[in-house]
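Next come two complexes, and both contain chain A; in the first it sits with chain B, in the second with chain C.
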Partner chain A sequence: MSDTFDVAVIGAGIDGLTAAAYLAKAGKRVVVLEAQAKVCGLCGSTELRDGFLVPRVAQTLYALDPQVLKDFPSVQRGLAFAARDLAQVGLGEDGRVVTLSRDTNETVRSIALHARADAQAWPSFRAGLFRLARAMRSSWWTGEAFDPDALSSSNRATFAELQTMSAAAWLDSRFESGLLKATLAFDAAAGSLLEPGSALPLLWRAAQEIDGVQGAVALPRGSAGALAPLLSSTAIQAGATVQTGARVARLLVDTGSVTGVELESGETLLCGAVLSSLSRRNTLLGLAPDAAPLALLRALQRIPVRTGTALVTLALSDAPNLARGEAPLASRYIVADRLETIIAADLAARAGRLPDEIPFEIVVPSQLDGSVAPPGSHVLTCLVRPVPVAPPEGWNVLKPKLTAKIIGTLDRLSPGLVPDIMAVDVITPEDIADEDGVQTPERMIGPWRARIDTPIAGLYLCGAGVEPVAAVSGRAGRIAAALVAGKP
Partner chain B sequence: MSVRATPFHTRAAAANPGNSWITRNGFTLVQEYSGAAGEAMAARSHAILADITWRWRIFLEGPQAAAFLSRLTTRDAEALTPGNAHKALWLNDGGGLRGAGVIARYGRESFLLAAAAPDEKWIAEAAKLFDVRLRETDEGGLAIIGPYAQAIVTAAGLDASLKPLAFRKMFWRGIDVTLSRWGEHGGFEIWCNADDAVLVWDRIAKAGAAFGIQPAGTAATDILDMEAGVARPWRDYQPATDDSGDEPSPKALRLEKLIDNEHTRFNGRAGYLAASPRHRIAGIEFDCETAVPRVALYREGAPVGRVLISLYSPALQRAIGWAQVETSAAEPGTVLSFLPDAGAEPVLAQVAGLPFLSTPAPIAE
Partner chain C sequence: MRYDAAILGAGPDGLAAAARLARAGLKTIVLEKSAGPGGRCTTATFHPGFRASPFADELAPVPAGIFWSLDLARRGAIFFPQPLHVISGAVAGTQVLTKFCAQVRTRIAQELRRADGKAEVPPAKPWLPWQTESVRVAPLDDWSLQSMTDMLADLAPTEAAALMARALAGRAADPTLRGSALHLLAPGLGSSGIVTGGLATLGAALAGSAREAGAEIVCSSEATGIRQTRSRVAAIALADGSEIETAAAISTLDFKRTMLSLFRWSDLPEAVMKRATHYRTAGSTARFLIALEAMPRMAGDAALSRATFHTASTPEDYAHAYAAWRSGVIPEKPPASLRIVSAGDLSLAPRGQATVTMTLGCIPHRLFDGAWTEEHRGVLRDRALAALGATFPDAKILGSRLLVPPDFEEALGATDGDLAGGEIAPDQMFANRACPEWPRTPIAGLYLGGPSSPTGPLATGASGWIAAKALIADRGAGRS
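Coming up: the complex of A and B.
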């Protein structure tokens, strides 16, 4: 028995749901196939224990596509922010703190405590980065191809640097303070895997905005996982069908064109187009090994996927005290003492080991949003990267080590935190299982179309792997849907 | 460059008074023993013995060997039964022809791929996507071609009751050999361990003496190949060496018959189906006896292509060759002309149906 649809979307994640919403709105018969038992399995939120609401993978939002919110008012209405613009706070060893906030004067004062020259350099550094980011925005926000010649001469010079330098080298050439450099470098690894590699992710992050605020990092009310259910109900209301527990086994391809999908249950669905939220590697190698070109498959197989991200989530019976009152409450804390910490961690993770000092980002959503934890209790989430994707020891061995390491560091930062821990949850790269190779400059500034298209006619990619930098944005879904809907 | 001798080298050297050698796929081979034309004619009147160790052969073994070959090549290897072979092509991602060869099934999980030119890197890379191992072989190979080939093989004590493309492993008076019929000229091939090669040569030479067998070099087998309409990679056409790109198309080389239309899984199929090459490789008969250089070909005064290679066919008593011509001028029977020298009178040529000349039928004892 088989059903017929215009488009099948693989994966009910943010991008898959966004694509489905657009396609359904355009009058297409759309089915979303989600392998997990429930919608938003990984992109939603979960209850760590009674009353503690935590996100599954993303802990903040910073790249959400404004166009998606504009096109779907129900999502815009439903999405409330506990904080729209978190300050970025670097936590060093020995209690050193640097606070990078929207307020330039405060930031300069905070940096001056570490390095006077850095404080002087900060305003023009930040303004220059933001200026170039705005000029670059169209290539990241729309399907348009990027033309570096259209940049002003000073922007072009900065762009040339960013394109060719590693984030570490670029930051190192500008600042003295190790804590400042490490804090900034953490973001360069935004969801990417070859870090500290290109400096372009810093520019890409500066090109994002939340609620019209450039470079903001926001914390949605009810955890960062609150977005997915909003998108899901929007897609369903627009007419899309969502099937859960529907893991796709393979794509049906006839003479180079996709004709449908076969589920692991054996059921087949016929459709004229397939949008896959999986990475190019997992889509072609995993679902179309019999149809995708051999040399391309080998090229995908050869790309080493070595470092990824983990999320450690704690339920606490009392408030943590991370920066000893030296940072605003609405902060995300970067734990990385020196640039070397970031570089050494990257090398260790690539070698399949857990870094001795792991950089991570802490958010305490319950300090800003009472809805995610019972009164007096708190939720603390740590985005940990880089960690090895496939450690030789296996994640079942590494997971407790990682947890112990993170809790040990947290206890140093906020003494007395350990007895308050009521529950711990750890998501490893194994749980996410869709890392997408290296962050190449081609991927960072190449046209969307090239990242979305595949050699199989009717098969498009729409997941995080299509984004210039893997992030929760919905943009890949929107642009992929537009490409598909544009087809007869 | 050093000599990489085949296992038959001592016998070949002894029979090669002209000391005429050539290198092919890295092997040092006799180009002609007594004269290419005479050797080629002997393949039509009596029988020849040719060293074919130079052919590239690789074993593919493993649980997914059949699945791999079905993806790699233009015919369904899973439908082959052990002891049988078929000819197929392999294409790159874009549908460009990378190679052509024989695929022989040795067992459930064991195949041999044999081809005129190696394409090791491409096949080894693609094989990494499957549970399949590649194994090289250093066996020697000897071809017996001619109307008396079957009689000679039988006289030598081998069971020659093989259909074309079939093969069988045999125990032949103390040595292990594989007898196959994979060649283009209706003959037999004997594959043996390198250590047994001289013995194999001697046995065939002895059994064949009564039938007038003589050794033939690469120049003679090249003539036979061309007469049979078999274009060889690198000499007659440039195979694809890249991962994508749709040239040369199997259509341009008229190799569609090696593509199974029912077999839809092979790599490059979409590109192959979409290709409509402007040029074809066509067999040409020239109204002259000397080989024609790479000159332009004209149809009613307008240039339509050029000669790629030609040689004198002693059986046809004229020059034959391959030319690249516009698709509209590739139909057999199309009359063309060329200028052998600047200012000379045009000489006629004609697009030939292939093969130029069919293989002579076997003569029973």
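Coming up: the complex of A and C.
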């Protein structure tokens, strides 16, 4: 038996659902094929134990596409924020704290406790980064070609630096305080800080906005997983069909063009176009190994994705006290003492080992949102990176080690926290199963088209790997859908 | 007495510059800290009867134009190539290596022409289509942005390993990181080979050429400062308290040392000060010179006795050692490259005996637990001996000498013992290296030769040669 659709979207993640919503709205017959038994299985939220609501992958939102909210008022209405603009708080080894917030005076005062010169350099650093980031929005948000000649001369100078320098060298040239540099660098730590262009993710983060606030990091009410169900119901309302438990086995390709997909159940669906929210590698190598050019497959095989992200979530019976009252309640905490901590962790993770000191970001959503934990209890989530994707020991061995390390560090930061722990869960790169691809400058400044198109006609990519930097955004889904909808 | 030009450092760059200046009729003096000229082009007795070049066996290529112009062949600088490389027992075929090295030489030659202002050479393959002239950075191509493993991905594994081993000998780099392909260019797979009699022969040939042209070479004379008059170079202060008056100077010290140790910091413009402070240097080389009782037995081909033997064979070996280096730890297995230098050059060891040199990479300049002590040297020596035993199991050692990065700093004045004169990274290579005014510097009358020049890691002698050309041109234009 076979069904016919205009477009099949592989994966009911944020981007897959966004793309489906747009295509359905444009009048296409769309089917979303989700391998898991439940929609938003990976991008939604889950109950750690009774009454404790935790996200599955992302713990904050910072790259949400404003256009998606504008185009789908139901999502906009459903999304409420517990905090719109979290301060970024660096926690040092010996109890040192640095707080980076929107209040420049407060931030300068906080930095001055560590390095006077850095405090002086901060306002112009931040202003310069935000100015250049705003100028980059047109290409990052709309898919327009990027024209460096359109930049002002000071923007051009900063851009040239960011292009050639590594994040480590760039931050070293701006600041002295190791804690400040590590706190800033964590947001770029999805890739190596030693490669040219590795500071560009910081610029990209600065270009994003939440509710019109540039560079903000927000915490949605009901956990960061609250977005996925909203998108899912929007897509269905718009007319998209969502099939769960429908794992795609392979793409049907006829003389270089997609004609449909075959599910693992043996069922085939005919369609004119396929949007895959899997990575380029997993899409071409996994679903169409016979149809893609051999040279490309070899190139894809060659670039192994070595480092990834883990999420450690804890249910606590009492409130943690991470910064000893030295930071605002609405904060995300970065645990990385020096740049070298992140660099060494990346080198270890690339070699398949768990680093001695692991950098991570802590959020305590329950302090700002009573709906995610029972009264008096708390939820604490840690975004841990870089960690190895496929360690030789296997994640079964590494998981308890990682948990022990994180809990050990948390206990140092907030003494007496250990007895309060009621439950722990760890999501490893293995659980996520897909990858976001390698972070390269080409990807960050190159045209959207190049990331969406594939050598197979009718096959497009729309996942987080299409974004300049992988993030929960929906933009990749929107731009990929526009490209497909524009076709006859 | 007033000179037209003073050159700091009698290394290959200083000597090449001196020859060019003196030939143009300038009254030229070369000031050298050590007892003899040559810089890293020296060869010394490290054990009675055994000689080796302590700092390196081979250098980046001497460009043909300079080589023949200075008449170095007639002065005894004869190179013989080292075609064979042995990686964990496998011999790398020469054809692929030769082909790849030719590609490297082309790229280097292109960069030299550009640096010399001879031709507006378009970049080999522009990296970003959206990168335009208005973005003032050097054109970035595959060499700057790929990882070494990507660059070598199409080659057979043994050949790729040989190129990697050769490029990374004595260096610290993770070949899987983007940007690491630059190490294939610098210090240069383009090397012309090993000099008969050791690098001292090349040093002597260069010094002879400079002297014949009329340059004065003064050794045991360390420059400690540059005095300016009306913001122009006026005199060089020496360690003995005397001064040499000069109209211009070429420093062959690295950029960092030139700016931060020869000037009062208050005399430097803030931008220059900042640039020099943020210029990154990274020492990574150790050398182990070994006197052996007998020539090691070669299992197979006798021609192998002239090969280079590498102990690291995979990108992971290098990545592992690099991680240790970054955290200031002596790697468990530092990548080592061994050569029986006496096999092709009988002047380096007594008859029947052998001199082996070992170049070790990923050796930190500063260790996490402090400065290099005898104990640390002992640890490294043991690891080097393990590498020797693994390569030549029957080796019986008569004597040895170990040099670690601080020794290079002491002997050559290289900041952090960095023999490349600055970290090899896209923002510090080609036109992005040191100062944008190069071969001039922000200080009027001061020129930069030496390893921190754009051509420094790519070629031997070229940066001094080009700095001298700029000095002569400015003088002609009345700017001097």
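We adopt the following convention: the second predicted complex is superposed on the first by the 478 of 488 C-alpha atoms of A that agree within 3 Å, B and C clash if a C-alpha of one lies under 4 Å from a C-alpha of the other, contacts with A are read in each partner's own complex, and residues count from 1 in each chain.
Convention: a contact is a pair of C-beta atoms (placed from the backbone, for glycine too) under 8 Å apart; a residue touches a chain by one contact, two chains touch by 3 or more.
What you see is a predicted model; the values in this text were computed from it and never measured.
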If we overlay the two complexes on their shared chain A, which of chain B and chain C does A:Phe159 touch? Say first, second, both or neither. second
Of chain B and chain C, which one touches more residues of chain A? C
Examine A:Ile445 and indicate which partner it touches, taking first as chain B and second as chain C; both and neither are also allowed. second
Pick one for A:Leu417: touches chain B only (first), chain C only (second), both, or neither. neither
Could you tell me if A:Ala345 is touching chain B, chain C, both of them or neither one (first, second, both, neither)? neither
Answer with first, second, both or neither: which of chain B and chain C does A:Pro455 touch in the superposed model? first
Spell out the part of chain A that touches chain B in their complex, as residue ranges. 254-257, 285, 289-291, 293-299, 301, 455, 457
Hey, which residues of chain C end up touching chain A in the complex? 128, 130-132, 134-138, 140, 144-145, 150, 153, 174, 176-179, 278, 280, 316, 319-320, 322-323, 326-327, 425-427, 432
Would you mind writing out the residues of chain B in touch with chain A in their complex? 71-72, 92-94, 122, 125-126, 128-129, 243-244, 264-265, 267-270, 273
Report the residues of chain A in contact with chain C in the complex, numbered from low to high. 145-149, 156-157, 159-161, 163-166, 169, 172-173, 192, 194-197, 302-303, 340, 343-344, 347-348, 350-351, 440-442, 445
